[in-house]
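There are two complexes below, and they share chain A, which is joined by chain B in the first and by chain C in the second.
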Partner chain A sequence: MSIATRRRREVRDAILLVAPFLIIFGVFFLYPTYKVIALSFTDAPLIGEGNWIGLDNYIKLFNDRLFYTSVWNNFYFVLLTVIPTTIIALLIALAVGKLKGRVQALVLTLFFLPYVLPVSVVTMIWAWMLDFQFGILQPLIEAVTGKPVPVFKNPHWVMPMIAVVTVWWTNGFNVLLFIAGLRNIPDDLYEAAALDGATAWQRFWRVTWPLLWPITALVLTLQLILQLKLFDQVYLLSNGGPFNSSYVVLMQMYREAFQLNNGGYASAIAMVLFGIIVIVSVLQFQLLRIGGRRR
Partner chain B sequence: MTAKQGRNITFAALVLIAAAIWIFPLYWALTTSLRSESRIVSDAGVWIDELNFSAYIEVLSTSKLPMWYLNSVGTSVIITVIVLLTGMMCAYALSQLRFPGRKLLYLVVVASFMVPVPALYVAQFVLMSDLGLVNSWWGIILPQLIVPVVVIVYKQFFDAIPKEMREAVLLDGGGEFALLFKLYLPLNWGITAALAIITFISAWNNFFWPFLVVTSESMMTIPVGITQVNDSFGVFYARMMALALLAAAPVIIGYLIFQKRVTEAVMISAGVKG
Partner chain C sequence: MQDTGVHLRSVTKDFGAVKVIRGVDIDIERGQFAVFVGPSGCGKSTLLRMIAGLEDSSGGKIVISDRDVTDVDPADRGVAMVFQSYALYPHLSVFENMAFSLRLAKRPKAEVEEKVHKAAKILQLTAQLDKKPAQLSGGQRQRVAIGRAIVRAPDVFLFDEPLSNLDAELRVQMRLELARLHQTLGATMIYVTHDQVEAMTLADVIFVLQGGHVQQSGAPLDLYDDPNNRFVAGFIGSPSMNFFDATVEARTETGLRARLTGQPDLSLDVPLSSPPDVGAKLVLGMRPEHLMVTEADGLRVTVDVAEELGGVSYQHGTLEGGDAVIFQQTGVRHNMHGTLQTVAPQTDRIFAFTPEGERIR
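Entry: the complex of A and B
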């Protein structure tokens, strides 16, 4: 077989192998990406043609007070979830790492289990836990505030409580990443530190923390992007209310597209969310890199 | 028993208590589901002291739960098979073959990570509607077939296989497809199982997309369907919790059986070696 035939055959096989993925990727990902950009410059309804209106949707969006409320709520939610879940996951991973054998496996299973649940199961269980009349957590809330609180109908409680539910649901993933990171730190580093007379506190800050930093940065980045995409929990627990106090960007996109039939405007909202996620993750990546270098 | 052993046992006990508190909501759902509706609102004992399955029977006989199971299993299995097969083939070509546009394709796949998928839902819904696929399995399935991480993970694992092994198969007269399915796939069953599990779980648990593309109750998947019952049951807490647990049962049982694989899969999908 000549080299030329062989080469031709390699290219032909490659095309056959890549084609199924590429067709699906092109039709259901690249085309919608193009489409959502194109739609954002039109006044199209959800289904049907629209007219090119240039930047009007974006101008309208930047004068839309509800949009600012949504963006603010998104960032408030990020604040309530990202750093707390990172700290909680790290503490759990450190504790699990100190355990052995079956106890370790059991504890890890219990902490990880919520992560595999469908979101609507999670919200149903927590809606029952926090039920205004019969919720088992209401006595606890009563002990703090003096009276039971309908948490998902209260503008001050709604976001923090959705954050609690979200951290409970997604934390297991972060625990796993930290455990993997901790296992990759060689034991002799701790032995050497112990020989030098380092206290447990010093061992953590001088050995564990700096060597774990790549994982910590990964957890922070993944969480940030994930939590900016908040929709399911809000839709299921509070539907954006009360008084828009849990209204978030994807909620607004959903309402505009599927309830108010403004496909073009909803696409502009989607584009801005895309932009926010890109900017924030690039910024965070830079910050984390600087944070990593200083150590 | 030395002082150190004592400290270790105390520590283990404390962590176990913390873990028990963490999982309490799930336990409480179970307790609630096994009680009669009248007892739930009358006393607040936390122990399972009643084994009343009437809520489960009620839920299974009055809701469309069996149908939602079928829709969830069907769509999730199809998604998993197609994602793995197409991802594996593409990754093989990217890893082992030279062809024009190879670098560009890989770059696009990696870059697609940056795009928040829900931002595409409006356009994907329009597309599904144009194709007449709203309220159908394929409407649920097609947009969920984009899982670039599968391509990237497979490529990494294929890259690590020594080139000499290829030559043996090629000398036997096998082509690229034979190489992929007789050499590269069998060498990577572990990672295939892990990727299958993580793809299946995320398809099974997806809420937002099936919620948009399905409006008829008989086409719903489990996570979407149970929210409908939720509305019609009102204040029947035992039934709601029975429903939630029945909906969660397949993933909980699956996780408990394939625990090691699931944790491995989660780590691999995040690019971390366990």
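Entry: the complex of A and C
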């Protein structure tokens, strides 16, 4: 067989192998992405063609007070979830890591269980538990604040409570990542540190924390992206209210697209959110890398 | 009175129902190089980790430098350990790895610099101090691990198979360096290995471990010349001793005359001070270097593999009865492969054991 024939065969095989992915990627990702970008420069309704209006949608968006409220709420939510969930997951992972064998598997399963639930079930559970009249958590709230609080109808309580629900729901996955990271740290490093006279505290800060840093950075980045895309919990628990205090960017996009039939404007919102996520996560990733290198 | 050094008294260790260490007494004097040797899984590492305090003792007493440390934290025992895996912190430079214990103790900067540089000089690591462990070769990593121990200036150094991850050449070189290091520092060292050559070359005193007990302890050549039992006789020396079943044929003035099972035309005079009765079974042990090719009566060996090392050669073969035999040849280079040779032992170098493996003297 000549070299040319063999090369041709190799190329054919390669194309055959990557084709399924390329087709699916093109049809379900590239084409819709292109459509959204194109749509954002038109005044199209949700279905059907519209007229080219240039940057009008974007100009309108940047003059929309509600959009700034939404972006602000998004970042408030990120603040309430990303770092707390990372810390909680790390603490749980450290504790679970101390357990052995079957007990460890059982406890891990318990922490992972909420992650398996669909969001509608999660919000249903919490809506019940926090119900103003019958919620079993209301006595707890009453003990702290002195009176029961309708948490999803209270502008101060709504975002923190949605954050609690979200952390409860998604924490198991982060715990799993941390457990995997902890298992990758060899025992003899801790033994060497113990012989060198390290206290438990020093063992954590000088061995565990730096060696776990890549996982921590991964969890932080994944969480940041995930939490910026907040929608379902808000939609199901508070519908953006009260007084728009839990209104977020995707909520606004959803409303414009599916309730007000402004396909073009909604696409512009989606594009801006996409831009925000890219910028913020790249920024964060670079910061975390620098933080990692200094160690 | 026990002054300094490391002393174990009836130390035991169980992992659940499994008894790994079944009562061990060990005395290591200050400044000695002691080696624990034994086959894989005999509990050498466990015993070393008990001395380090990384493993709790199930029973007995551990004394280091005149202090009962059985229940003392690892950090307070005055020991430093070099792990088989080196256990270097991958995120820290060589310097910081070696300085780790001093940093924990918050020692002044000047002292840290001085101690680390001194240790680095001994180990020829000065040029590597800024590198990360991943950028070092196996031998250099090993040295960093040793350096980390030196910086702590412990009473006792513990080594758990420190050379087993190195290639053969480097192993020999590091072995010499360890011997030199011991002379330089003069500290007590306990070294674990399954390699009896390492044990023989490094040790002031060897402890042969097997079945959770110390089978025998003493200077390397004492163990070689005068093993207490069949296990030690077989374990110390390379290639290992030949063993043959035999029966006591008669008592003589100096000991006994024994006949090897399956060798009707050869009987051997074995000098013993307390020989067993006529007819008793026993096992005779002969080292490869004490079997000589002879024209007279002897063991007839069919040689099937010859290991030629240049100066010496080891001839591997079988007796007519099927027993494996190894004998050594020095200086001569006959091609013995596939031939039938007759070998006879030096009679004053025959060891006698009971069928249970105890030495008969």
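Remarks
By our rule, the second predicted complex is superposed on the first by the 295 of 295 C-alpha atoms of A that agree within 3 Å, B and C clash if a C-alpha of one lies under 4 Å from a C-alpha of the other, contacts with A are read in each partner's own complex, and residues count from 1 in each chain.
Here is the rule we go by: contacts are C-beta pairs under 8 Å (C-beta built on N, C-alpha and C of every residue); 3 or more make two chains touch, one makes a residue touch a chain.
Here the structure is a predicted model, which is why all the values come from computation and not from measurement.
Of the two partner chains, neither chain B nor chain C is touched by A:F77. In the superposition on chain A, contact is made by A:L195 with chain C only, not with chain B. In the superposed pair of complexes, A:P186 makes contact with chain C only, with no contact to chain B.
In the overlay built on the shared chain, the residue A:L211 is in contact with chain C alone; chain B does not reach it. Touch criterion met: A:V119 reaches chain B, while chain C stays clear of it. Which of chain B and chain C touches more residues of chain A is settled by the count: it is B. Once the two complexes are overlaid on the shared chain, A:K98 sits against chain B while remaining clear of chain C. Overlap of the chain B and chain C interfaces on chain A: none, as no residue is touched by both. Listing the residues of chain A that touch chain C in their complex gives 186, 188-189, 191-198, 202, 206-207, 210-211, 295. Every residue of chain A that touches chain B in the complex is listed here, in rising order: 9-11, 13-15, 17-18, 20-22, 24-25, 27-33, 35-36, 39, 46-47, 92, 95-96, 98-99, 103, 105-121, 124-126, 128-129, 131, 133-134, 136, 168, 173, 176-177, 180-181, 183-184, 215, 218, 222, 225, 228-229, 231-232, 236, 250, 253-254, 257-258, 263, 266-267, 270-271, 273-274, 277-278, 281.
By the touch criterion given at the top, residues 52-54, 73-76, 79-81, 83, 85, 87, 89-91, 100-101, 104-105, 148, 152 of chain C touch chain A in their complex. Partner chain A is touched in their complex by these residues of chain B: 11-12, 15-16, 18-20, 22-23, 25-26, 28-29, 32, 40-41, 44, 46, 82, 85-87, 89-90, 92-94, 97-100, 102, 105, 108-109, 112, 114-116, 118-127, 129, 142-143, 145-146, 151, 175-177, 180, 201, 204-205, 207-208, 212, 222-224, 226-227, 230, 237, 240-241, 243-245, 247-248, 251-252, 254-256, 259, 262-263, 266-267, 270-274.
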